[in-house]
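Notes follow the structure.
The first chain written gets the first letter, and so on, giving A, B, C and D; residue counts start at 1 in each chain.
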Amino acid sequence: MSRSAKPLRSAMGWSNTDTITVRGRDLPSELLGHVNLGDMAFLEVAGRLPTKDESAVFNAVAVTLVEHGMTPSAIAARLTYLGAPESIQSAIAAGILGVGSVFVGTAEGSAQMLSASVTPETSQEEIAGIASRLVTEHRASRTPIPGIGHPVHKPIDPRVPRLFELAQQHGFRGTYCTLMEAVSAEAERQYNRVLPVNATGAVGALLCELKFDIRVARGIGAMARAVGLVGHIAEEMDTPMAAEIWARVEHEVVDFNRGDAS
Amino acid sequence: MSRSAKPLRSAMGWSNTDTITVRGRDLPSELLGHVNLGDMAFLEVAGRLPTKDESAVFNAVAVTLVEHGMTPSAIAARLTYLGAPESIQSAIAAGILGVGSVFVGTAEGSAQMLSASVTPETSQEEIAGIASRLVTEHRASRTPIPGIGHPVHKPIDPRVPRLFELAQQHGFRGTYCTLMEAVSAEAERQYNRVLPVNATGAVGALLCELKFDIRVARGIGAMARAVGLVGHIAEEMDTPMAAEIWARVEHEVVDFNRGDAS
Amino acid sequence: MSRSAKPLRSAMGWSNTDTITVRGRDLPSELLGHVNLGDMAFLEVAGRLPTKDESAVFNAVAVTLVEHGMTPSAIAARLTYLGAPESIQSAIAAGILGVGSVFVGTAEGSAQMLSASVTPETSQEEIAGIASRLVTEHRASRTPIPGIGHPVHKPIDPRVPRLFELAQQHGFRGTYCTLMEAVSAEAERQYNRVLPVNATGAVGALLCELKFDIRVARGIGAMARAVGLVGHIAEEMDTPMAAEIWARVEHEVVDFNRGDAS
Amino acid sequence: MSRSAKPLRSAMGWSNTDTITVRGRDLPSELLGHVNLGDMAFLEVAGRLPTKDESAVFNAVAVTLVEHGMTPSAIAARLTYLGAPESIQSAIAAGILGVGSVFVGTAEGSAQMLSASVTPETSQEEIAGIASRLVTEHRASRTPIPGIGHPVHKPIDPRVPRLFELAQQHGFRGTYCTLMEAVSAEAERQYNRVLPVNATGAVGALLCELKFDIRVARGIGAMARAVGLVGHIAEEMDTPMAAEIWARVEHEVVDFNRGDAS
């Protein structure tokens, strides 16, 4: 059966005998020693190097996402390492698989809400109205508003003022940040309880300010989490907890079943 | 059945109502806006922030590992995205799973060889003898020497002089770099062909110079590759190739089987 | 901080010194030698062993899902094996990650449509009306109807009559099968083209007939595909194609970029 | 750059407009309704359908590997489902990634030991000497002997006599089974403690008796475990434990760090 092949095209990276090009840049002379890992991530995703201001804000966003303590994702990575210590990459991959709709995915949710609601030119007055409408709609449909509220950090999430301060310093505190804050204020008014912008709300807003494609927001979260998971596995090598977690879970379940059977 | 529980301990990250601590540092005030993503990776794995010199060398190592063009790993990630576009994290995880013993694992191999052979105090004269012995042993057992030779980059891998130059500038061109270069020179002599230090050899040497635990070398590779995979998936969203790769492979296999059957 | 722990409960499997119980059955005496792998899957998911008729239909459903030739998922598994041959489980996992919304997920889609539309008691007359409404709705919203149409298999998908025949023989050709066929007939009428029930449509219908929870439909697909992926990796060990696929893709991309650069 | 393409070949599966062939068999007429899921796995890996006796033994082996209770792998799958409930396949993949060298990999280890030591023709007398040598060697090198000993099941693992009984009934209790039992007896003599053949030892022996390529042993384990993981995720949907495991681990770690900080 004949078919006409379509060409395969990629501008990510390629090499000659004596050159290595990544996203149009000569890796040895233009990137090594000149850019940090966060800038490299920006280059990979956006296709161009960040400005100094973009670098500062994007690195802060990425750093925010790296480490969230003993998350389900970190525990899953450690349990995987227990069974397959020969494959660190498997433990990292297992951890990344838990970065789905429930946790890091919420940054994607707030970025979607914000980018669908305003542009960089939307006026302050319009934003107030939009915030009011968004909160009313979510209340009516009884769906949680992405990017606000936190089970632990009250009355504020300490990452948020710092991220917005950095955005301000570097010229990225625009309409998306404003709308995110307006949504929080309006939600606190309508629900009559403390509902601060949370870290994923601020991250979502800043990814919009940096003009990232919303569809890669979760990818940026997964990439940052990969960094954190290497740390967890390094700690697990020296101070393991996976075997103990397993033992506790298994014993509790076995004891329960034994009780049932007797 | 009773058992005495062992405590679960971790120093990675934890939080209070108004504070978030990562590896002993206050995230908002000490990390956000102060460190880049590469520094954060160093903090996660080493348990302390890098010095300015360490930051420069480690970021260069990480940046080297991010993007290697159309690797099997990148292609696998794109094919996974084709089937599960709702789960970017799955595509990234699939790509990371190919970062095993064959490709990035070679950095681990060179780091193991180097760290098992010298210390920071080994003398120049001793290094020459060690290099000679290592090459002779690998020749005798007909096993490839990790960290040297490259199918494309000849007579040198252009990343290596740049990485070693950066190491020199920042005070990290020590005995591990020297041994890696001595092994290359000795191998070229014994095998009588061009066998330059390759990028994974330089990366392995620099991870030793930075005193990283060899066991996490592959993890650092996987983490850096996660950054690159986000780029590949972002490109796949706009300039897809996975469906075409699939179609070509399937058609060739089906055509072959049809011919067989007739 | 104190918290009241909730108990951890599971009825999957547990053991004593001299007994091993799986889903309430003694593994050595009640399962080994008595049930096949498909029955075991039924027991695991449904919590009870299948009847002989259920076993026949469920095994046919599972067997249908095992092998679909050179899918993106199979290619991704082979590429992963190329990079990490020491971890077969990684290659299988990478392949499973591509079993998402686009391919096997369509069985889930048809199961959802069917289970939301009829019960085992719905009458033939009602089914005709429901089919008409479903097609009209999908046409209006320009969304594809799950479970019908196939790019290759026309005018019929040869698996479907066989699956429905088996369902008939074993007493499982009920309202879900009827609706699936009515939807196909109605769609062919409204769209005026050949739109047969496809394999995922038949699988979705049979999972409904077997009273499986729709939410695990994709899991059953992933499990069956894991079986097929072991086959692909076994073949890849002896008749490899991953390195050649990689080489072709990389060369085409590099050649294109070189042309650009010259 | 020109290169000569090598052909891509596969005999796994392919289709025409009106036929679907898997491993040389017509799927609708020769497989659906005729083979169970275990037979299909045999066909995929071995390239031919099992005899009735092979089917009985292979299905028993696969069924043995499906469910081992609250393993690290099952817990990791449940934690992954908690974060990404939209992607059941991710939870299954995460669980499979823990099927590495430590747990299921031991079946691979015993299969390797057995297949490297005897052939189907080795005599009883020779086997006794081989068992003695194997135990002596493992003792000398202080490495664990694969396939013997169990932390819970003493003095015997109840799966083993049943598996060997089935092997006997179906004509597969050959030299590999004999050697595995001889190794256990010899180890009990030399170490002077209870060291029964365990399930992975019996599985390894039976895979040798069935003439499976040792390299796919771990793949068969991963495939069977995928079946079990679907069961765990189905249970997690209705009787969740992942959130409670997460809460317990996180609280214990946070409490510890708070105590440290005060």
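Keep this in mind: contacts are C-beta pairs under 8 Å (C-beta built on N, C-alpha and C of every residue); 3 or more make two chains touch, one makes a residue touch a chain.
In this text the structure is predicted, and so the values were computed from the model without any measurement.
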item	value
Label of the chain whose CA centroid is most distant from the centroid of chain A	D
Interface with more contacting C-beta pairs, comparing B-C to A-C	B-C
Centroid distance [mean C-alpha coordinates] between chain D and chain C, Å	23
Chain centre separation in whole Å, for chain C relative to chain A (CA means)	31
Euclidean distance of C-alpha centroids - chain B vs chain C, Å	36
Sequence positions of chain D contacting 2 or more other chains	8-11, 14-16, 69-70, 84, 86-87, 89-90, 93-94, 97, 99-100, 241, 245, 248-249, 253-254, 258
Parts of chain C lying in touch with chain B, wherever the complex brings them together	69-73, 75-76, 79-80, 82-87, 90-91, 93-94, 97-103, 241-242, 245-246, 248-250, 253-254
Residue numbers on chain D that touch chain B, as the complex places them	7-11, 14-16, 21, 84, 86-87, 89-90, 93, 97, 249, 252-254, 256-258, 261
Of all residues in chain B, those that touch chain A in their complex	1, 3, 5-6, 8-20, 22-23, 27-29, 31-33, 35-41, 43-45, 55-56, 59-60, 62-64, 66-70, 74, 87-90, 92-94, 96-97, 99-100, 152-154, 156, 158-159, 161-163, 165-166, 169, 213, 215-216, 218-224, 226-235, 237, 239, 241, 244-245, 247-248, 251, 254-255, 258
